[in-house]
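Heads up, the next two complexes both have subunit A, just with different partners, subunit B and then subunit C.
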Partner chain A sequence: MDKAILKLTVFFIFLFITSLSVGRLLFPPWHANALDRTIITYVRLPRVAAASLTGAALGLAGVALQNIFRNYLAGPGILGVTSGSAFGAVLAILLLPPNPAAVQLTAFVFGLMAMLLAYYLARLAGGGILALILAGIVTSALFSACVGMVKYMADPYNKLPAMVYWLLGSFAGTKWSDLAPAVPPLLIGVVTLLLLRWVLNVLSLGDDEAVALGVNVGLFRALTIVAATLATSASTSLAGMIAWVGVVSPHIARLLVGYDNRRLVPASALVGATLLLFCDDLARTLSAAELPLSVMTNFVGAPILFAILVRRRACLAGS
Partner chain B sequence: MLEVKDLWFRYGAPANKGYVLRGVSLRVDCCVACLLGPNGAGKTTLMKCVVGILKPERGCVMLEGQSITDMDCRSRARLVSYVPQEFTVKFPYTAFEVVLMGRNPYVNTLQGPRAEDEAKAREALKALGVEHLAEKPFTSLSGGEKRLILIARALAQDAKLLVLDEPTSFLDYRNKIVALETLRRVSRRFSKPALISLHDPNLALLFCDEVFLMKDGEIVAKGKPEEVVTRNNIRRVYGIKVRELRVNGCKLIAPENALFGAT
Partner chain C sequence: MSRKALSKAISVAIIVAIVICIIAGSAYYLHISKRANFTTTTSVAATSATTSTRTSTTTRQGGAATTQYVVVVDARGKKVKIPEPVTRVIALYGMAPPFLYLLGVGNKFYGGWSWGEDFYKLVDPEFNKKIGFGRSMNVEEIVKVRPQLVIAATWRRFSKMVSQLESLGIPVVCIKIENINEIYSTISMFGKIFHKEKYANTIINYYKSIVNEVESKVKSVSTKPKVLILYYSGRHHSLRTFGGDMFQSKLVELAGGVNVAGNLSGKKGVNVEQVAKWNPDIILIIQYGVPASKTLQLIRNDPAWQAIKAVKDGKVYVVPYDGENWIDPCPKWALGLLWLGKVLHPQQFKDVNLTEVAAHFYKEFFNLSLSEVHITGNLTVSTAKG
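Take a look at the complex of A and B:
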């Protein structure tokens, strides 16, 4: 195994174990009494597992989409999937009685619908990468407008705060029963993207190159997009909107292992999992009241991306 | 090896009535064959049809007696490798990683390349004398080095036919000569026919074994370079007057305006 990936794995495992012991009650997991064990099993473990899986899924979706769109700033939201999920969630909050499972399901389904809509619009516009990016922008704008409309119509005392809370993202109160429905699509997405890591290298060269090198571009691009959408929709349905992790994780991973997707894809998953776990730890320990997750990922992600840009500029100046 | 029969192609069919290729037929067997012609003659389009990137409206492309439309893309990539005119790598892969991608037609997509594929990629770098560039980012290489790495990738692809679209574009005079000499050496040493496109008729005279002269989507002359690159053909295709010269038995051409001043 690559040394950098091994170090990342060790660091992630360390953070995973540490995350189980931090919170309102602070205890080392190996000295846990009966109450502590209950807290770990039913409160912290599902939450830490959800944060790790979601972070890995977003990191993978980000790196896969950056490769097929050949764009460093592409992220899981590029095809309107997160906006679609957001609309599904706020719609469920508006129309249905309070039920987290229903919100999760509609968020997932609308995320998939957004991707299908973007794909259909791209075909109408003649196909190709540029058409897909533009169709993603259109889809994203459409669902964002729908989210705005639903928020405008929502009851400002009950429904609106629930929507805002969901849109800011959180793992607070995540139970094993919340994880169960999200895990199968999330794992299908994650495993597929890990298996496609070599072909992502060839796809990142552009359509003509990939065809000349013997890749069925239409098939593998569609597979990658479907896998990334499954991972993103399932993540968003579990945790709400989470900014930056999908965009920043591949950049951090590139600094550690380079650009070859055979190493970059697993590294990006590990960085995504570690980063989101770290942000969630901060969100639940920094203040007495839990902070929204997206606020933390923004605070952590934005400076990291800026630092990477400065470092890259310094490297270019030095070369 | 390569046979193109009555190829017709137009972009944006059926709305667009203008054909870019109009009944092109050619055959390449064992040599460096060159497509020569002015901008917009259809050279790049023809090459993209040959490697399967574009699908012709009529006619067919046969590789080793098999139509490329009947092949899946992996089988096709094992028969023909392609080096495009412009190569913009978005991510700074190392030169070795770029060459290794040439092994894709032989690689299990889900497992990635094996040790023997990596050995083939290193062999290809060595054959072109650029193994010292292996670990450098492709984006940091000079135009000439990039071109050599791409030829190495085409070699690592181990295809029967090499197709190179303007292998001398963006290169200085020395690197043009190096690229074409290397190509001719590789084509002869590995018995791989190559189809290339060029803009300079003198380079075609010096480095190619066969020339196809194109204009407006048609092949207007074909044969040995000395038979095709003639005063009349150049005037007919490019619309300029040239004088034929002989240097040490080699035929070259020079524009009359440059030799004798504008008349």
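Take a look at the complex of A and C:
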């Protein structure tokens, strides 16, 4: 196993254990009473597990999409999957009886639809990286408008606050029963992407080279997109909209392990999990009131990405 | 710069961050444990004091008093078992604490979130500190307080938090205050929880007598004025109104008026063209954050609004506000109803001296004289009318 990945794993495990032992209710974990143990097993553990899984899923989706579309700016948010999922979820909150599974299913379906729409629009616009980015912007805008419309139609007491809460993104109140329905799609997405990591190397070369190497490009591309969308929309349905993690994690991972996807993919997952877990720890411990998770990920993610861009330029100039 | 050096730098930074976290965490832990010890001893003392007065009713088992429970059915229709005595209440729903203060049990409100800051800080000097927990209190923060009761609303936004608290064995009652009957049932439920059933009934009867008075007075009126409720939302940068399903609109209907926006639902933005089409006879201004004077100015300075009948007739009124708008679902809604009666039907409500009623209300339920309460808005309408 790679040394950098080993380091990342150790660090992630360390953070995972630390996260379990910090919170607003501080007690030494080595002599915890019954209440403290309940807090750890029923409040912190599901939340920490949810944050880790979601972070890993977003990091993986980000790295997969960046390879597929050969664009380092790509990510679930940029290609409209997040907006699509958000629209599906608020639509489910508006029209369906309260049911987390229904919200999750519609979030997934609309996330996939948004991704396909962006891809199709890019084709219509002539293909290429620029067309793809523009198509992503169009799709995002379209679904954001739909979200705004649905919010307008929602009643202000019951459904609208539920939507706003969901759109801001939060792991607050995550229980094992919330986590359970999201785990299968998350795990399927995560495992599929991890298994497909060698394909990503081939796909990132471009269609002609991939075909020349004997890879069924269409099949594997579709598989990767579905897995990435599955992972993204499942995490979106679990915690709402989470900005930045999907875009930033692959960049951090690239700095640590390089560009080979066989190592980059697991590293992205670990970085994503670590990053989101850290952000969620801040969101739940900094003040008596929960801070919005997206605020935390923006605060942490944006400077990191900027630092990386500066470093990368320095690296390129130096070599 | 090589990748190796960079990863080295990153790991050093990470280690430094961890060390800082650990130091800060342990310092914070020491600070907290001191505070926790303090609260534990005081609460134990308080508990033993109350149990000693109740020993006649409690059976003792092996020296330890068995815990008593009060059981209530909340707005979800769920039976909630609350351990007694209830001394620490956390409110996640900001509409709840005002009714605790109304019932005279504001000292049991430990913290959380509440509306009406400007008024309740007069009633409770610790009020500002209590609402410092914010609107989305962390679950461990709640556990730390060890409340006997958490009050939330039936709204979906709370459902995740409520089920988590319940799984931790913390009793939660969910309330809903969207019409007059729900206000009554909330007050009587609180009455039961704090053993103030009789006082709760007194409050409810007081409210009912005002409703009866208003109903009998407006029964005979032939014309129902068209009313527009208006407020300025800083968040939306626009004037907004209330649809027919809102509490404020229901009060207007009860006071013999017609809400021009009755067909809308919830809070909605309005533009002057739509208002011109509605052409309301009366405009009522309420305030949330942005003061009513700004809304008033906005209307007065905009030539387009001058064509509206209510503005032309000088019938733009600011609803009395003491930290809460009187027509909001708050303890003062009955005063608001009476005030609405006076505004909509001044002839029928000629004999009602609102200042007197308000002075009585504040003295009776909050032990405040009218001069202590800072009321803005058109409290005395008859003189304001041109």
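Miscellaneous remarks
FYI, the second predicted complex is superposed on the first by the 272 of 319 C-alpha atoms of A that agree within 3 Å, B and C clash if a C-alpha of one lies under 4 Å from a C-alpha of the other, contacts with A are read in each partner's own complex, and residues count from 1 in each chain.
Everything that follows uses one rule, which is that contacts are C-beta pairs under 8 Å (C-beta built on N, C-alpha and C of every residue); 3 or more make two chains touch, one makes a residue touch a chain.
Note that the structure is predicted; figures quoted are calculated from it, not measured.
Once both complexes are superposed on subunit A, the partners subunit B and subunit C fit side by side without clashing. Once the two complexes are overlaid on the shared chain, A:311 sits against subunit C while remaining clear of subunit B. In the superposed model, A:201 lies in contact with subunit B only, and not with subunit C.
Using the contact criterion defined above for the overlaid structures, shared-chain residue A:101 touches neither subunit B nor subunit C, since it reaches no partner.
When the shared chain is aligned, subunit C comes close enough to touch A:156, but subunit B does not.
In the superposed pair of complexes, A:302 makes contact with neither subunit B nor subunit C. Of the two partner chains placed by superposition, only subunit C is touched by A:23; subunit B is not.
With both structures placed on the common chain, the touch criterion links A:73 to neither subunit B nor subunit C. Of the two partners subunit B and subunit C, it is C that touches the larger number of subunit A residues.
By the document's definition of touching, neither partner reaches A:10: not subunit B, not subunit C.
Once both complexes are placed on a shared chain A, the shortest Cα to Cα gap between subunit B and subunit C comes to 12 Å.
Taken together, the two structures place residues 258 of subunit A in contact with subunit B in one case and with subunit C in the other.
By the touch criterion stated above, subunit A contacts subunit C in their complex at residues 4, 7, 11, 14, 18, 22-28, 35, 38-39, 42-43, 93, 98, 154-162, 164-165, 172-175, 177-178, 255-256, 258, 284, 287-290, 311, 314-315, 318. Residues 48, 51-53, 72-78, 80-82, 84, 87-94, 97, 101-102, 104-105, 107, 109-113, 140, 157 of subunit B touch subunit A in their complex. On subunit A, the positions that touch subunit B within their shared complex are 67, 70-71, 195-199, 201-202, 204-209, 211-216, 220, 258-260, 262, 319. Note for the complex: subunit C touches subunit A at residues 1, 3, 6-7, 10-11, 14, 18, 21, 25, 28-29, 32-33, 132-141, 143-144, 153-157, 159-161, 163-164, 167-169, 178, 245, 265-267.
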